[in-house]
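The two complexes that follow have chain A in common; it is paired with chain B in the first and with chain C in the second.
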Partner chain A sequence: MTKSPTITFPDMTRRGLGALPWIAAAGVLAYAFFVGGYLTTVMSFALIYVVFVTGLNVFMGYAGQVSFGHNAFAALSGYTSAYLTTSHGFAPLPAFGAGLALALSCALIVGYPTLRLKGHYLAMATLAIGLIVYEVAVEWTSVTQGYMGISGIPPIGIAGYEITSERGQLAFLTVIVALATLVSWRIRESRFGRALSAVAGSEDAARALGISASRYKLSAFLASAAFAALAGSLFVHVVGFVSPEVYGLHMVVLAFTMLYVGGIGTIAGPFVGAVIISLLPEMFRQFKDYQDLAYGAALILLLIYAPRGLSTISSLFRRAAAKKAVVS
Partner chain B sequence: MSKMLTTGFAALVAAGLMTAAPAVAQEPYKIGMSAGLTGYAATVDRAWRDGVEVAIAALNAKGGIMGRKLELVVEDNKSEPQEAVTVYRKMMSSDKVNIFISGCVSAGNFAAAGLVARAEIPMVLCSILPQQPDQVKWAFSTLPPAGFEVDTRLKYLMDKTQIRKIGVLHDPTPYANLQKNHAQKVAADYGLEVVGVESYKQDDADLSVQISKMHAAGARAILKIGLGGTTLTAAKNIKQLGLDMLMLTSLEDIAVFKPVAEVLGDKFFFVASPSQVYDVLPDGPLKAALTAFLTPWRAKHGDRDPNWASRGWDAVMLTAAAIEKEKSFEGPKVRDGLESISGFQGTTGVYNMSPTVHQGITTNPLLLATIVDGKVKVVQ
Partner chain C sequence: MTEAGSAATRVLDVAGLSARYGHIEALHPTDVRVEDRELVAILGPNGAGKSTLMRAIMGLVENAGTVRFRGRPLPRRAPEACAADGVVLVPEGRGIFGPMSVAENLELGAYLSGSKAEFERRQERVFSLFPRLKERLSQVAGSLSGGEQQMLAIGRALMSDPKILLLDEPSLGLAPRVVEEILGSLSALNREGLPILLVEQKAPLALKIAQRAYLLSVGRVIAEIDPRKVSSYDEIAHYYLS
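And then the complex of A and B:
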């Protein structure tokens, strides 16, 4: 019979440090909610990106694949929501349902052949999806209005109740993010999540264990596309406007930065990364023309000192403590 | 000792109050600007910002508007709609701006227009107007209607050339699309036929396919619609292909046109705003308005192209006129004032606003010009 381990002081310290990124990000969120101002807007965008990056994390962090094209699924869902609500009088929820179905159908059609590819080939194929959807958004002006964009999109609402206030939207997005993070956590802890880990480690080894790598990769791709679709739809209802630039390559670059700064493959990574990356430019706003310079320098420092992401910052302290113990 | 301290403290408080009172009275009137200082709109929006700065400095030198100084708050929207929403929100809640005089990133202005309209803050824009009626109510534009740029070119072709078949080459921006649609709609009124409509992306490095297609369809003149380096690309392609075609481009910085003129010579024409051909304008109210702007502009920026900056100047002067007319700095009053402006002589033309017209230049002020021996010459 084994004895259950007792919680020692270093364990508690480690757990406390592990919770630090959560606490810091949640603190900023609470501050934005109670103080208001434009920080509410910044945090609303950050939370939408949390949903998007959480999906990307399932595909890239858990399954170990690369995608440069998830902006396509956000665009498909966002434009469907915008078009159906403004031109056909749909309520936001059924419009989102249609957008989600379209994004998943597209992900299935595209994912089935491309997920047989590996590494750079898969990355290039997904990049193409993003570029194609962007071009469609620009050129199909009868539906998307091209660069003119679609405006007058109604705010988020359920059963005839519309959330118009910024605080209300922030609260709603917080609930969505909590649910998305919960789903992400459940995925990682499930049989499906363990299979994805096996695929991420070695596809050949996973196959030897009876795991169909291509099927699990496709499932992860679809799951992450669903998150992206949700984020795309949320964006148009929060802002009330959509144009192709919203879902451009800029979105992919930003999401990658958030994922790596937060910590790829971790539960907290998307949340921490999205909040930090959204706040950094605001912290350096007073630098005016040097804002981007300061932002870039901060990113480099973050990746030097926390290469596995800010959500794994507790491991840094653990390593430092271990080093100290060896020296003494 | 304590009595001395009390007296000293009271004196300090009194002094503070005395200095505080005028400070409250002279609180500046804050103008917010969301501009694409980086990204695709940087050239245009930086010029717009500089024009607004020159106008504010000129008004402040005269004591401001109704004794109240002006202050400009500029935020870079990186030419992105999402960033524009953030900076608009920042200027509304943190800087508490009274009005927006924002740049030419249409999508950014559209994305934030609902937010600004709900806060009842007027906007005077460099871009086209938002589409929603409740948003248009609060937005005004210094941009001439898109059709004016097209009409100027079509009229020249009808009056001065034998060409009757034309092609339209445009980028996908909203303003370029409006011009393209207008050209297709009114070409027949000028006895012209549009035999080809081709689009391109702003970063395209070759346009020979589009140009060849239009030439093969019979086009002997191209209406080139859009900003940036593609104008020079199109000119080089026409020359490389050895085509006998005219190219007539839309409004742009004169600096862009000089190398184009070297390539195409007398086959190149461009739409010019009055500020770009100041020297050849006859004396009159327009020239007087331009003199008022160009004197401080040239003192600060030398011979830099004044086209976009002159509209920024107009935006500030329209705001000042609206405030003085309504004798109020309140958002709704300033909006009413802007909407009732008529016969206002700006640097680009005469502004006549009304409840249904918020894009105030209603008479075509544009000219057609060419460059001969490095000098701008008006041809129409």
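And then the complex of A and C:
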């Protein structure tokens, strides 16, 4: 048994299996589009989270850092969008531009000193940012209206044309997600992306090769903050309402779950993870009181049987095939 | 050769370099120099501060003192700037990027170079030195043997076209035959004219290829050795044991 069975495993089948998570998630999306109703809403939220998690993946998956504070950037941009469109009559696009600028400046100010920290320290520092922004959203009532939140936010619209139907919004979000995933893919395949994975591999080794670790960490932080900002603004326009709870700590927990269940560091991971994690609670709704229990059990099973994420499921099949080959 | 070496031929001049981890000074003010075309070994037992010296030269640890490279001072807290100047470290434990392929590792070595033709030229040089890397080009670096990983680490450093190569214990955890092969390649590189500063615990092997050596103990240089004058290793063993 010297010949490795992984080599004999047909390449076409492997590629087919690699596309499986994509096809499954896209299938659910298409189904939601035709069925409409509640599933459309669930999928809209899922797609917004895809954007958020895709950004987080750049920072955590590609660059190997940890952030518990990206909800802050979503909140900054989301609240800016909400405030400018409701109180100052801004159109959604320029309002988002302002929100993005605010989120990026904040990321720069926060990231420059904290990205010199490593591991746990960086994680704690980012956690603090999330908590601070949450407190500001609660306390600065003249702008944010505190716990009451801001309502009556207009839907997404470009050049006077508003997308009001749920299907329209879903289609729009699908385009955004496709673009975000494309950008994420281009980042990973680029010189910049390779430098990030070098930093993730070993900061010292990367620096000894002339790769400025702190600069690349900061760039990845800014890029992921931009994704978070986009997700934050999309949310307020899709829902039409924003309150501090929207960007609370649970957003971080949810995003982490999506990232790990989908597959951290992979391109399909955020998409697959966000769709699955958004659908799971709905699938267990019939269990009533046991819904959370079933959800928790499903998560544990997913992480046991697909520890590197669902988007790497093809390698799981490959392992099974390898095992079978050894047995026979 | 020890006394000679004017400022013009001096490649690396380390003067009063000390380094600390928090409150502990792991390296007391140290002077080390490397002349043109020289292979200098840093010897010493575990915990002597050999790795710290290398990391301090690169600016990877908090340090004080001066390091001059061909007369120009190197920045003290910017390893990436040292690398850009041609002072390149092959870190202890190799520091290869395990999940990436051999080709990608080599590509990252040439990170600071933009030219395609130059990249090919350097890659050919690496392949001629370590033909095995060419065979393993698409293999995941983490799946290479220890010796191959060390070859990759050295090859990756060569991809940045170093003007001086610093190596931190390249023999670590390798079989004796592989160690000889690696040190042989270093010696060959040095004969081509590349100055090398080599940290090595296996003193006899290092002294075979070095023109000069420093002996480090508890964060200090305690002796400078001319390998040609070492008649027996008892003298060195004495330092290791004391």
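Here, the second predicted complex is superposed on the first by the 316 of 328 C-alpha atoms of A that agree within 3 Å, B and C clash if a C-alpha of one lies under 4 Å from a C-alpha of the other, contacts with A are read in each partner's own complex, and residues count from 1 in each chain.
One rule holds for everything that comes next: a contact is a pair of C-beta atoms (placed from the backbone, for glycine too) under 8 Å apart; a residue touches a chain by one contact, two chains touch by 3 or more.
Not measured: the values here are computed from a predicted model.
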Exercise. Taking the superposition as given, does A:189 touch the first partner, chain B, the second, chain C, both, or neither?
Worked result: neither
Seminar exercise, completed: Counting residues of chain A touched by each of chain B and chain C, the higher count belongs to B
Exercise. Now for A:202: first (chain B), second (chain C), both, or neither, which partner does it touch?
Worked result: second
Exercise. Where does A:38 make contact in the superposed view: on chain B (first), on chain C (second), on both, or on neither?
Worked result: first
For this session: Residue by residue on chain A, keep only those touching chain B in one complex and chain C in the other, then list them.
Result: none
Seminar exercise, completed: Residue positions on chain A within touch of chain B in the complex are 36-38, 40-42, 45, 138-139, 141, 146-149, 151-152, 235, 239-241, 243, 245-246, 250, 282, 285, 289, 291-292
For this session: Spell out the part of chain C that touches chain A in their complex, as residue ranges.
Result: 55, 58, 60, 79-80, 83-84, 88-91, 95-100, 104, 107-109, 111-112, 156-157, 160
Exercise. Can you list the residues on chain A that touch chain C in the complex?
Worked result: 191, 194-195, 197-198, 201-202, 204-213
Seminar exercise, completed: The answer for chain B against chain A in the complex is residues 37-38, 75-76, 79-82, 85-86, 89-90, 92-94, 106-107, 110-111, 113-114, 130-132, 135, 172-174, 177
